[in-house]
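Both of the next two complexes hold chain A, though its partner changes from chain B to chain C.
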Partner chain A sequence: MNVNEKIKDQLEKNPVLLYMKGTPDFPQCGFSGQTVAALKSVGRPFAYVNIFEDPEIREGLKVYSNWPTFPQLYVNGELIGGADIVVEMFHSGELKSLLVDDEVAAESD
Partner chain B sequence: MRVALSEERLNLIRQALETRFAPTELVIKDQSQLHIGHDGAKDGKGHFDVTIVAAEFRGQNRIARHRMVYDALAELLQSDIHALRIKAFPPSER
Partner chain C sequence: MFCYTLRRFEQKAALLNMDPAEIKTLIENGLVGAQVSVFSEDNTHYAALIICADFAGKRPIARHQMIYQCLGQRMGNEIHAMSIRAHTAEEWQELQSAADG
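Then we have the complex of A and B:
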């Protein structure tokens, strides 16, 4: 599997997926931490990939998404945004409507 | 590796954004000092906060607006910018 296929596979298997620095319990960057906090407040379970553990994904995702920074939140395979956008959507209530009120496919494992 | 001074970096960012968007409002802050010692500061690149108001953002969603800003700063993202906070909107949303 090349890196693009690997990314597609991760996105297909995880309807809410956060590519981040560190883990939700130990974020290694303030922006990743803020994004995790917004997701946790909304209460929708989410999957994550720690990009520090996968340098190939880290470089490949920037090209795949045409987005140069992390974190990156995906819902149903679509890039929602980085920390600024996710936090803004949290404050406006859009994050909750997107993740909780709208139907997001059930988490698969 | 060339490490630009804060002032020089702010000017480079300002220049790139003014050339690309002719913004009606542009505020750029260097927040690198908040991140000294963090992993993200190790490469010597800076943390910046950009607020930009320009007509071109009208009709674009958030992702598109951020991408436009990232594109305008693509070169600097390689050399001088580690992280960027972006607030981008058209004058009608001011």
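Then we have the complex of A and C:
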């Protein structure tokens, strides 16, 4: 499996997936920490990949998504954004409607 | 081990650090007519405010990608992290008056 297939496979298996630095319990970067906090506040369980543990995924994702930094939040395989966008969506209520009220929640149960 | 890697990375980033004015110019060159402000306390982490008519009708992710496009390989390398606010002039005015009100 090449790196693109690996990314696609991860995205297919996890409807809400955060590529981050560190883990939700021990984020290794302020931006990853803010994103985890927003997701936890919304209360929707999410999967994560610690990009420090997989350098290949880390480099591959930058190309895959045309997005050069981390964290990156994906919902149903689509890149939603990094910390700025996720935190902004949390404040506006969009994150909750995307993750909790919409069909994402139903699909993954 | 990790702390060591991080420290090394930060040292490397510090050697390559960029002046906020340079970033401002790169974005202005890429987005015609944009009004750009870039701030940094350490020349590694930046905060940028970009007002541009071309953002109209675009989702935040597309706006950020337009900005990343201007910065190319520098994003994630010399520029370790940049917080971005991307708005049209109308949106920005609305946000300002909401903040004042």
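Keep this in mind: the second predicted complex is superposed on the first by the 104 of 109 C-alpha atoms of A that agree within 3 Å, B and C clash if a C-alpha of one lies under 4 Å from a C-alpha of the other, contacts with A are read in each partner's own complex, and residues count from 1 in each chain.
Everything that follows uses one rule, which is that a residue touches a chain if its C-beta (ideal position, glycine included) is under 8 Å from a C-beta of that chain, and two chains touch if they have at least 3 such contacts.
Note that the structure is a prediction, hence the values are computed from the model and not measured.
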Contact-wise, after the overlay, does A:Y48 reach chain B, chain C, both or neither (first, second, both, neither)?
neither
If you stack the two complexes on chain A, which partner ends up touching A:Y19: first (chain B), second (chain C), both, or neither?
neither
After lining up the shared chain so the two structures overlap, which partner does A:L79 touch, if you call chain B first and chain C second: first, second, both or neither?
both
Looking at A:F90 after the superposition, I want to know if it touches chain B, chain C, both of them or none. Which is it: first, second, both, neither?
neither
For A:N66, is the partner it touches chain B (first), chain C (second), both, or none of the two (neither)?
both
Do chain B and chain C touch any of the same residues on chain A, and if so, which?
28-29, 31, 66-69, 79-85, 88
Which positions of chain B touch chain A when the two form their complex?
35, 38-40, 62-63, 66-67, 70, 74, 77, 83-87
Quick one: which bits of chain A touch chain B in the complex? Just the residue numbers, please.
21, 28-31, 66-69, 79-85, 88
Interface with chain A, chain C side, in the complex: residues 2, 6, 60-61, 64-65, 68, 71, 75-76, 81-85
Which residues, counting only chain A, touch chain C once they are in their complex?
28-29, 31, 52, 62, 66-69, 79-85, 88-89
